[in-house]
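If you scroll down you'll find the structure; I have some questions about it.
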């Protein structure tokens, strides 16, 4: 029933044009409409106005949106007088007064976003709006406050407790499958035939998180291959010509691609939960599975090495330096060199915060995985070669140890690595 | 899939006991667990701890819950040092610093509630928790701040845009129907046979709002009778022996009962939207419907009159005073007296805020309805007699005028009443 | 979409009264309408006429229906001329001509029933019609041929491959649950509270078969209790006050009630499949279950014994005869006597066809079960006492042996019984 | 639940290998298995055997299937002795004995097909089997009897009352959409992008019939374009570049393609019902629609004309003969000639049975449509040019007159045509 009950339909039917929140809005400035929305006392008229605003925003070009964000950031900021008054009413230790400051200091933009979200279907549009805001933010850091408001509200609305996990397969509605094609960010899906094997072949799985207010929009998804052994390169997994195995012949589940779908949800993390929930789902369905690993890129390797060559980075020993400096543009170091270098990079290169330098490593180590194995010549895709000379790695999720590893990395930046990898990483 | 993926199941499967967020929690103080939850950095371990806390809270008695709320209110308040620092960094007009104050002044209890809500199924439990909090609040006004945090988050989570409307009928799952029986607050449902006619008879409808995170829990529902004429008493509507009409023979839809289901959602308003959406649904289904009215009680009439008798309330003229003072305990004033008094009360008696004195009148007038007709001897139920000598009224929702009436009441407390009612209300 | 597309709606919309199959049908003899239906060449007009016929039949009283059946049996019989001609065209061994006889000899009533079944929703109405036919058949054996036509078509339409099994629980739609209450034929369900525990308690299950053309009408259902031990009496299972156990603490699944729902499907057997499919479902859900047994009545015991007392039935030894003849009307034989007599009856009393005398025994033995145990004082319900002095028995479904036992009973009438029961059955 | 309850799963779980219907079947002749299936008394073992047979048949090549059909036709024919006995027991007028002949003369192949159909999911496989049978039948007319058995049972199983209509759109599961691409028989769908516009564009609709035992297999579907005017050529409808209109701006619904999906259901007619039900659906959704027309090919035109040139067909006047005989291989007659010739052909050329010569004309006229308009140069597809020099026509479904036209055509072969077409058709 819900889907048919669009607001416009309600209005047309009940009101015969009665709710006049909308009348005349068409020619008015959209920021004026926002101001009215915040002062609206009629819930129905507010709903209509909110819908009008969303419709208007959909029609704005990039520059107009940037202007809109700037004006909103300025005009729908904190009410300074109210804040001043609240501060004056407070003395340290007065918790009620402190809470009063909190509410007084709430930027009006938060209430604006909440009111826009009352419109059925608004959530996805607000996520899209934040994607545009993030784009504007690159040039206009003063929009950071407004973005913080979005992020704060989204973190609350996209709470893990509200999400549902769904398996995507060949009987999934086409409109959702189409989005999987679009959103795949790691190993591009080349049309419907490629998609079909990734979701429909007996030894493939794809799981995604959804939010009930955006039922056709995946938030994040993970692609899984069921295999007999831990794989050392990506090509056989992606190929249409590899042999398939029956799922109950598999002993390994390989997470070979994780894609965040919604740019507007940047900073709201789901991947952590998704992987672990998929592990649980797969264990339930296929008790024969013994190992849960990723087949992951090392996106930071080559740029880090290039930078390191220019300094006196101790992780680069003399032999490695020599090898690298002898490489022509399209050359790759010999496999054994690439593997040693990657192992060293992943286990020992750090950001100033102390965390792993490589972002993918940081993600999986932070989730409690262990760096299990490093493979040279594992990815001949252009991105893989450009980023890491084709090196890929397996991170292993080992149930009973996940939490301890997560804690060790979170609190002491301890990088878990197999003895093989640790051996490779030694100078 | 989601429903089977309970957290405990995930843990059992993946971890083989690996996430130790839970281990040992059983013997620890639940407020200590909350403190840990706020400092937890592992998302999975945090999830387990959150679930443990919710389980523990379920097991607490009323007194223990009250203690818990008091301790939470005290310990998870605003971080005073951070607030002090933020205030020091602020000067009037500095919007970024103002926003920083807002975030610094956020009571930790808000984050605590958000983290508890990450557990699948937690939302309903948090709503239940607030119901307990509201009970404690009666004696302990210092819990008001904590309650404000709940209300603030619930208003965001139970945004109209997230709700779905569903028709409840005789093919609705029994577990939901059972809740309708329990939650009906106006005209009690006397078991499954009574329920069956209210949801299953051809000239009856029942609609409810649901939140996707609480799919078996109605939030609010409205009961509708389809009739040929605007009814003047409730008995024929509730009776099992009244004649039924085919729905397309009806020209009037009567909203004869609206029930809020969740005590823990007090202050979060849905009724306004629900009525208007149901009007739209019914118009779509049954184009023959011409009028949308309520058959409503006047809960404030008799207690107002009793109070008014003790003062010199000008709305009570001498004749009325005489009549009322002559009434024995179980007497009712003559119908014409009751009707005139009710009309006067509803159109003219006000709260100090200027709004209608009667809460039901305030609700419907605030929604844009007009007071259409007053009926004596309309409700012989004990509550109806006790509250209003059995007087009931019809509020009429007249599509094209709803918004204007809502505005007139919202801004100028103008009570819309039919000429008949206005005539009755004259001294 | 389907459910809204009722025929009448199609007609009203498309035709504006265009399909005149229906016009004027109201005053015509319903058998005339049937005749027209068989000669109708327009599919839409035939559909309308079929619907008119079904509507008319719904309105007939019992006597009128009986008349209708008699006329149909007579007038829509085999076309004798066509049959004669087909026979003349045949000589032994001519398979095409033999098939031609088959089609020529098809009673027109079969085509009539098939054409009535084209109306959406007709199947359930035809099942109801056969229920009325079976009633008339008791007095009018000449309707047996018409009944054979119904049974023949129903056997084809209600093929196992078309059925679906569903678990019925407390989230099942109320209209279906209501039918479970009505259809329970073994141990009456005393209202919604009783139902709730039978479908909703953690150690109870209820499964039913449905046909897609009758989605709200169960065909047959079985009730299951999950227990720690094989039960010896029915009262603890039915009682609201018995302790419940968590399902994974159970090691026995007890099938304590099987009810056929549709009188009009008499002779179409489902129970066999249902039990075995439920066993499979339960094993999948609860691997801890070790034994699958029934707790069954012995409906034929007492009437058999009464008859046997009048002859020289060798299964009644002298001592038993003495005991039975000494019984007063409301007396029961001592438990040890009842048990021995029942064991003897169930294992050795036969019908002239050689099958077990007791119909419930015949059903379960025919399905491959073994008679596991006999209990006296197991059912104090009035029916149980009247039929078998309260004796009940367990039949055990022992997976790997089911097929062999089924074969042994089906081909050689061999009754499988445990050594305990065999011991009891000895003279 | 149903889908998981595969037979093999049941067996594995319950039986631990207990039902031995299957053991050893692998090496046996499949016709022997069929013989056993017919004599099987155990329902479960019969089910297993039936599944084994279906699996074996899936694995047969075309020749092996043909052999199988021949052997089945011979061995599972009518029981001649039983038939002889039944005939001897009959005398003209004895209806019970006649019915006995009917059942005695039932070919065993019918019971074989019914028993195979008990396996969940068997129906689609049997439909596939008949498709193979129809192929064999071309060379082996002696298989006609066996085919009659299939057709007889399918007509009963695929009764209109069992079917459901579904709208297919872009949120339909991909596995069903993929079949739409494969089954489109009139205007080929060129991949997913083409499909997307046919099901997803606002002014396009696609409806299909399904049978509940084959939920992912469309039986027949119709494609609809919503337009402002009756279209005179197919290209704008199929083109991705045509302008789209909002559905409520349309006044015409154009049925531009109807495809039967299942070769194995040949002779079981659905199209008639489908069109009329879709008209009803569209009228309900879009009250603005005023006309329901087809845009149909004239597949018989050119071959008829070629044949007619060789005789003295009176519908070919001298001028037309001259024109046609002057045409080069790839030429088309001038539009006005083509149009007149098509009008004459469609309204006046008949089969020996008296029905319209053109099969598409026969279909729509038989459904009660009127031949509304003839268009030259309407279809430049290779098939359209080859069959009818690109001529297409509109048949109009005019609600209130459908039934009368259907009757006039069905009983008197009267071809309904607009005055314009009738004018064109004159010599």
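Here the chain labels run A, B, C and D in written order, and each chain numbers its own residues starting at 1.
Definition applied: a residue touches a chain if its C-beta (ideal position, glycine included) is under 8 Å from a C-beta of that chain, and two chains touch if they have at least 3 such contacts.
Only a predicted model underlies this, so the values are computations on that prediction, with no experimental measurement involved.
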Of all other chains, the one whose Cα centre sits farthest from chain D: B
Centroid spacing, where centroids are CA-atom means, of chain B and chain C in whole angstrom: 49
Separation of chain A from chain B, taking each centre as the mean of its C-alpha atoms, in whole Å: 37
Distance from chain D to chain B - Cα centre to Cα centre, in angstrom: 56
Chain A, residues touching no fewer than two other chains: none
Category of the chain touch graph - line, ring, star, complete, other: ring
Chain A residues touching chain D - in the complex, by the definition given at the top: 170-178, 191-192, 196, 200, 216
Complex contacts: residues of chain B adjacent to chain A: 1-2, 4-5, 9-10, 13-21, 41-45, 47, 73-74, 77-78, 80, 83-84, 87, 92-93, 95-96, 98-99, 101-103, 105-107, 114, 117-123, 144-145, 148-149, 152-153, 155-157, 159-162, 164-167, 212-213, 269, 272-273, 276-277, 279-281, 283-284, 368, 397, 399-404, 406-407, 410-411
